[in-house]
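Labels for the chains are A, B, C and D, by order of writing; each one numbers its residues from 1.
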Amino acid sequence: MNKVVKNADDAIQGIRDGMTIMLGGFGLCGIPENSISSIVKAGIKDLTCISNNAGVDDFGIGLMLQSKLVRKMISSYVGENAEFERQLLSGELEVELLPQGTLAERCRAAGAGIPAFYTPAGFGTEIAEGKETREFGEKQFIMEKAFESDFAIVKAWKGDTDGNLIYKATARNFNPMMAMAGKITIAEVEELVEPGELDPNFIHTPSIFVNRIFQGTDYEKRIEQRTIRQN
Amino acid sequence: MNKVVKNADDAIQGIRDGMTIMLGGFGLCGIPENSISSIVKAGIKDLTCISNNAGVDDFGIGLMLQSKLVRKMISSYVGENAEFERQLLSGELEVELLPQGTLAERCRAAGAGIPAFYTPAGFGTEIAEGKETREFGEKQFIMEKAFESDFAIVKAWKGDTDGNLIYKATARNFNPMMAMAGKITIAEVEELVEPGELDPNFIHTPSIFVNRIFQGTDYEKRIEQRTIRQN
Amino acid sequence: MLTKEQIAQRIAQELQDGYYVNLGIGIPTLVANYVPAGINVTLQSENGLLGMGPFPTESEIDADLINAGKQTVTTLSGSVFFDSATSFAMIRSGRVDLTVLGAMEVNDKGDIANWKIPGKMVKGMGGAMDLVASAQNIIVAMQHTNRSGASKLLSKLTLPVTGLGCVKKIVTNLCVIDVTPRGFELKELAPGISIDDVHNATEGNLLAEGEIPEIQF
Amino acid sequence: MLTKEQIAQRIAQELQDGYYVNLGIGIPTLVANYVPAGINVTLQSENGLLGMGPFPTESEIDADLINAGKQTVTTLSGSVFFDSATSFAMIRSGRVDLTVLGAMEVNDKGDIANWKIPGKMVKGMGGAMDLVASAQNIIVAMQHTNRSGASKLLSKLTLPVTGLGCVKKIVTNLCVIDVTPRGFELKELAPGISIDDVHNATEGNLLAEGEIPEIQF
């Protein structure tokens, strides 16, 4: 069984119009750049995207929005994107906003075979509307369910051909939980190595969660807020 | 704020008769040997211990059982211990058995601020008795709650003085979740280093979960099943 | 009649390339010795190891590296360690392709009992309840009858249940049986065993339709 | 009247040695510049960093190392990276000792609104709802009134709520207020500000008992 595919075009085979996909990343940090390009190129549409953010106008999921491929975004924060706002106001795009921790935990639950859990986040707010609430130990909680998705697409720093992954710094973010959660998980990595080259004690995503892996190319790694100090 | 304490005797200060404590380890692998010795020496009794196993007669939690310090064990597997069996049959000791994954997840839930979750493990069995059950997507689940504990005691390979921990090989097991779960978390480590010496990208337990840390001594690391092959 | 090793060998024929497999203690452990040529499987040990290797040599022994049976083991290229919560995340989310377990009893609905005998010291279920509640593909490896000769393939369990409707296939010293909505379906016979032998040793509802081939190795 | 920097400076006086602190965007971010001497705090950034350092120099910039405001940052000795689930595990389990947030409105029960203005484009709550639902110790840093001069300290929120009964202390350009079961309790006044000034700028129930000292820096 070979999990290695040649490139993003091969990796996204089977993603079809109308599917639900998870995309790792926080802002533009740790996003699966190659796979997004291939989805745009393939024109796969009516997608529901679970991703903490929606990119910027000309990068990240913003590229999918430009091509009108996204029917619904499930995110915690969707600023910095004019085309997003236009599609939302015109009714072309649907948005479901969730607390960031709830978004992360619903991914993790999916990857852990936990169908539902309770969280305090959003109790008493409109996020709780239509959801069950319940008291434990005199505190109020909302019941949240595991996400269901067809594909999860994550970006890692290094991976081996068995599918073990490590991430770099804060580019880790949602990627490990989404890797666990996909019915089929696609991983793109900056560097693909042979099994045994990654220390088994320091792997972030065990191979069992990854179905397809490839070494990406031409990572742009755009920076949203380039803040510097004078030395 | 200095989290570093001199030794296990200092680390276990505040653990009192009747408390609930979590102890990391799987079998005799990755158990907090030093802290167990100090608890035995201090004679802290009527303890409820949450730990996957109960040690062997003369090592691990078995030492606490010998001294009759344990009122109740919450575990998934308690074989290999004659004194345990004697106390159980005589009614001196109470045991609550839980599926291993449920045990792990109830620790993790406690450390994640999740008061309850649903798992399929044990549905239809006596483990489900007295627990709520519920159907999600045509499958049946049990509601399990986060553990409540006063102290968690874990054993790590290396730690820094800020409280960051890394574990070695399968000595990791329950330790990371228990480190998250304790109201107060005590970590004993084989090697205590300065902050910055552990790679920030490869830390298993972030410092925020650890309240007290010390470098242990004289680790015996007893092996339960010494299985070898001829080379 | 099959030996324990032959039961393991027959189960190994069910392995497919790329499978992640969890093997229980006892006969299931032996399955690892019979992985067919050209097939690559990865063993999951629920205490926190994926890619379990053979027992260590004397010089390789590491007290920090054990399997779920608390035996010293080794790693392989591509092995990975993780915590117990992640381990059972893999199991509950159905990422383990095949689970092989021993059993005290199985009934013709696929319910399994393998953790407790009332009146005897109960050691606990370990990871068995998580495994049987989650795995899509569970094969039971066991003797067809217990030490007193009573059938372990029943219409109704007499022992406390470990999990409901989860067993898909049973390989015993006598035969290979699929558990289907119709009950125990006899699929293959051990050398020298007749359909009648299996009928006599099976208390639950047994279907033996058409030609039943002999187990091939 | 306090400047934004002074609001941050006053909040920094609440820091205690060993605190783990989450600072929101805007004035809260400035708190990091005023950590008192002898006090060691660790900044948590909910995108996956504990021990956030200052902005990088030009040569230190790393696109893979940002904070929750998507700004490039650095690490310190003892820093640690983790995934988003672990980050919010810390937050929900109450391990973050102090959370400083901006707000659009706070009421005298400690409810906070800071994520949505009906009719305007909604960007989302990010981690704010998790933080306010979980933290034991939340301080709001904000201007006392909005741009049109209306009070942001209300008896009843007019905007969609972010979290209930969570705000413990408010530091504005005018004063320091504790939110207690009795309502807004005036604790300290900015230089040049009178109790009447605060009363006039506060729509919610304000208690000013005894001598109210001036904020000291």
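Going forward, contacts are C-beta pairs under 8 Å (C-beta built on N, C-alpha and C of every residue); 3 or more make two chains touch, one makes a residue touch a chain.
This is a predicted model, so every value here is computed, not measured.
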Pair of chains joined by more contacts [C-beta pairs], A-C or A-D: A-D
Same-interface partner of B-D, chosen from the options A-D, B-C or A-C, over half of the pairs matching: A-C
Distance from chain B to chain A - Cα centre to Cα centre, in angstrom: 33
For chain A paired with chain D, centre-to-centre distance based on mean C-alpha positions, whole Å: 29
Distance from chain D to chain C - Cα centre to Cα centre, in angstrom: 56
For chain A paired with chain C, centre-to-centre distance based on mean C-alpha positions, whole Å: 36
Chain C residues counted as touching two or more neighbouring chains: 75, 81-82, 85, 88, 91-92, 134
Chain A residues counted as touching two or more neighbouring chains: 105, 108, 112-114, 119-120, 167-169, 200-201
Interchain pairs in contact, sorted by label: A-B, A-C, A-D, B-C, B-D
Partner chain A, residues of chain B touching it in the complex: 105, 109, 112-120, 136-137, 139, 141, 145, 166-169, 199-202
Residues of chain B defined as touching chain C within the complex: 26-30, 52, 75-79, 85, 88-89, 97, 99-105, 107-108, 119-127, 157, 168-177, 204, 221-231
Residue ranges of chain A touching chain C (in the complex, touch as defined): 1, 108, 110-114, 160, 162, 164, 180, 194-196, 200-201, 203, 206-209
Of all residues in chain C, those that touch chain B in their complex: 45-49, 54-58, 61-67, 69-73, 75, 81-85, 87-88, 91-92, 111, 121-130, 133-134, 160-164
Touching residues on chain C, where the partner in the complex is chain A: 17-18, 20, 40, 42, 44, 50-51, 75, 77-82, 85-86, 88-96, 134
